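The following pair of complexes shares a single chain, chain A, combined with chain B in the former and chain C in the latter.
For the complex of A and B:
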């Protein structure tokens, strides 16, 4: 085992491999920062170039890209409320309010350190579970996945405090949108109104760009001024303050990393679920008195998703490599690169290509730590973006947002989706509806439905299947507890009368 | 190399002087290709239909008369129909070619209507390898040990088969295969992608799975799945019955073909240039080694053979399509 670990490091510690790793990291940072472009686009673009490379160089390059993307994505999420890639949408929820308060530097610093630490914790956990990775992947069938999706929806909707009804409304809206397109189980399309584009459903990334970037730019333009309303503090905040914040919130970092690792290992679940679950669990776990500060610039709301995203990147390799089931588009493209290099993902991959796999894991880890350093160095100049006047900033960001939306797969309909969701997003800001639930419903809706139908086909319509499988039972218990907890809390508070309660979740 | 090419052009220009009255196509052939060739992949990056061209295209460049690049471009919208439509409507000058999924496109046309393209009218360049055949297998922990066990189960209750959504080629293969084998089945549909639905059988979601041989082979080697019956005429799995032994030779018609096409009306000499380059590329050591690593057979077909192949597949598909009609 140790032999293989060292073999992986040895393979990586060549001038050429390190150069490719660094190159990949910069490309990842750049592609991650631009909305619409992400790891998948970067890898797809680089795929033909890797053809002439040694497998190890190609892996170093890919690992570099995948490690750099989350950092890049968090920068735009914090500065402009524009998630550079989909999972960073969770970072924007508290990151952008921090930028508005003039604390962009601190938020980016915290994101960078959470990124690096999350990546390292993710690596350690993956190294620990890799020998039994196959069994973990096989534990999650359609019934487990359906309940996991339900758990995700429940966790997120109980997060929107005091706005439970509004959260449910937007969640239900998200589910309705998620059901547009192909019905995976019975075939045929639904709710597409003869529009060919909608056959593949409403694409997630254009919708997210609309909900966050465009909506915020409309909002900013209506208000006028600049992102930050506290110019003095923008100039003061440095990267160190953010760095320290992460070390001050160890439980949040660890929780986020572990959630990221677990979610990443479940086949077919992407980074969005990891970052949103981590965010919501952090809100759940926070002290009663602190809960209201989330969404208004709580630094933990930046740390939690960022730690989860990078931890997830590492463990997402497990279902991809062991079974050839990519967890998202990025992994699907990466699988293509592996196949081009004669490494066929499957059960044998973990046996035949161990040195390469460990090399890849090291590359990914090294890249995410490196990217964090680069991110830290950029804090000062980047934070000044929040001082730009909306007259300059809004057109710039709108251009990048729409161009990015178009660039995903060169389809003009993406731009229309972005515009529609931009208006919806602005209305949600204006009338104070949470955007968290709509995102998680968009991400999980279609697969939750599919897995529910598959479960019913598996069990010949017997609901008992959800109780007889141990993992299902565990997930069910989690859902019940989460739903019961707020009610129980409410009751106990009534009993305690005016006495302030301070227990955590 | 460069010098030779230049002289080639000069020579052809000299010859062309008295031949100016020749039709444009004939003149262009001598110089083809003079610019980069676009290779349309009607699917997103990462899948099988994406990877093949990305491996073969750079090798194919070497065997073209002039040094140009073959540039893969993914046009993934509409489950493949947008890319194929775009290819169909391109100028038939040899600078746009693409890969076509059969029977995937038959299924799509059946669902979406014929669309703006007629599959029988494309100018065929060849195939990217031999079509993949199928095999029916069970997870290695399954109580079913032989094909006879599977038949016995089918006599008692419908056999559960995991499969992709009804728009996938795997769905067609599973439906037609089960009909030919006379299995009573219940499908668990909706799995995403070819590995996903095989893993479903390993996990025990389903009793068995009908999947392409290269995909299945990876799991057989990993010891997680067991083949019960091969759909090939001659089984490549020792001790596993094949289509001949099962008395169902038609099983061998079930395949996934990766056809290379150009828009209708491509001049014959350009078609020939591209087809020859493709055939040479498939025989190139780089591609051969890659194919061997991935259990693929890189046999090439001439344009005529390819046209016959798609006609045969069309006839076979039409015979069975009533079982594929979906709501």
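For the complex of A and C:
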């Protein structure tokens, strides 16, 4: 095994491979920073360009891209509340308020170090897990995948502190939207109302650009001024303070990295779930007195998703390489690059291309660390963006967001979807509905339905299957407890509040 | 402002809107085969229940207060006070500017819509100096062209009005 690890390092430590790694990292940073593009678009656009490359060079380039994207995405998420890629939306929840408070430098410093550490922890986990990956993934069947999706929704709903009902409502709304399009189960289309574009469902990335980028821009239009609440106070706080914050909150980094690793190893779940779940768990684990500060600029809210995103990128390689099941959209595109270079993802790949696999893992890790340093170098010029007059900033961001939305698959309908979800997102801000749950629902909706139907087929329609399987039972218990806790808290607070008033009366 | 059960009528709009949407969704779902509608209809029924709870929780009745306290303690209507400071017309205007930009992209294409929108947004809406508006709109168009056409080699949408079909 050690020989393979060293073989991977040796293969990467060539001038040409390092050059491709660096190039990929810059491309990743660039694509990650532009809303709507992200790693999948970068890899898809690069795919034809890798034809003439050696497999190892192509892997170095791809690893560089995948490692660079999260850092690029976190910069715009923090400064503009415009996540470059979908998973960075979780970073924006606390990163953007920090930028508004004039702490953009600290937030990006923390994001960079969490990114790097998350990547390293993810790599260590992958190196440990890869040999036993098969056993872990095989423990989960359709019932477990279905309940895992429901648990994800409930966790995120309860994270919207004090808004359980509205969190569940937006989750249900997200699921309703996710069911639009072609239905794998019965073979027909649903809820498309004759619109051909909707046969593929509501495309996730345009919807997310709308929910986060466009909605915030409408909000900024309404409020006026600049991104920063107090332009005079915006200064780049010492980036080292951000770096130190990450080390100060090491349990958050470890937790986020482990969540990212576990979620990444589950096929089809992806970075959005990893980052939001990590964020949610961090809120859950926080002290009662601290919980209210989340969403208003808590540095842990930046560290947790950033650590998870990079750790997820590493562990998403497990199902992709070992089973040929992509961990997410980015990995699905990456599989295309592997196939182009004669490496068929699947169990045999772990036998035939071990050196290349470890080379890729090292490339991804090196890119995560490198991108964090380069990202830090770009903080000062980029942080000045927060001082821009909203009358100038809003049109510029909207231009990139809408053009980026179109560029995903050159479909103008994406622009319409982005605009519609922009308005929905603004209404959610305006009427105080959390946007977190809708994201998870959009991501997991289709697969949850598929897994539900498969479960029903497996059990001949018997719902008991959800309680006779041990992992299902655990997941179900988690759902019930998470739903009951906030209600129980509300009831007990009301009783406690009623007693003194009764005594006083 | 008109009130219903102690709450301004406008505060019921989101919950009512979602309920109407859900009923339409349910009605559509029941046009599909049982297998195809099972999960969507199930979710929609849950949504209907949640929507009704949301509606009740917005009233200033005893049941509404209890529900709000149990299920939505941070979702009090007062929390939305910040946005209430902004006139409704201003908010509708902001939404219309974005919708107008999207419509312009569809109609005249990205390369014409970008300078038009940026210029109009700065000069007409923002009342910024003419030269600044011209400069920023030219820079925005150049940025979009460089990024998407020159660097990525993509063909930008020409617009319905200028398409061959």
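Annotations for the structure displayed:
Rule of thumb we're sticking to: the second predicted complex is superposed on the first by the 480 of 505 C-alpha atoms of A that agree within 3 Å, B and C clash if a C-alpha of one lies under 4 Å from a C-alpha of the other, contacts with A are read in each partner's own complex, and residues count from 1 in each chain.
To be clear about the criterion, a residue touches a chain if its C-beta (ideal position, glycine included) is under 8 Å from a C-beta of that chain, and two chains touch if they have at least 3 such contacts.
Keep in mind it's a predicted model, so treat the numbers as computed, not measured.
Counting the residues of chain A that each partner touches, chain B and chain C differ, and the larger count belongs to C. Contact with neither chain B nor chain C is seen for A:212 once the two complexes are overlaid on the shared chain. When the two complexes are overlaid on their common chain A, residue A:344 makes contact with chain B while staying clear of chain C. Look at A:410: by the touch rule set out above, it reaches both chain B and chain C.
Shared-chain residue A:188: touches chain B and chain C both. Contacts of A:333 after superposition: chain B is touched, whereas chain C is not reached.
When the two structures are aligned on the shared chain, A:458 is found in touch with chain B, with no touch to chain C.
Under the contact criterion defined above, the residues of chain A that touch both chain B in one complex and chain C in the other are 183, 185-186, 188, 410, 453. The residues of chain B lying in touch with chain A in their complex are 44-47, 50-51, 54-55, 58, 72, 74-79, 81-82, 111, 160, 165-167, 171, 186-196, 199-200, 202-206, 215, 218-219, 221-224, 289-290, 293-295, 326-327. Of all residues in chain A, those touching chain C in their complex are 34, 45, 161-166, 168-169, 172-173, 175-176, 179, 183, 185-186, 188, 190-191, 193, 214, 217-218, 221-223, 389, 391-392, 394-396, 398-400, 402-403, 406-407, 410, 412, 415-416, 418-419, 422-423, 426-427, 429-433, 448-449, 452-453, 486-487, 490-491, 493-494.
Across the complex, chain A meets chain B through its residues 40, 43-44, 47-48, 51-52, 134, 137-138, 141-142, 182-188, 196-197, 199-200, 267-268, 323-326, 329, 332-336, 339-340, 342, 344-348, 351, 409-411, 450, 453-454, 457-458.
Against chain A, in their complex, chain C makes its touches with residues 13-14, 18, 22, 25, 28-29, 32-33, 35-40, 43-44, 46-47, 50-51, 53-54, 57, 66-67, 69-75, 79-80, 83, 86, 90-91, 94-95, 97-99, 101-102, 105-106, 110, 114, 117-118, 121-122, 125-126, 128, 136, 140, 143-144, 147-148, 152, 154-157.
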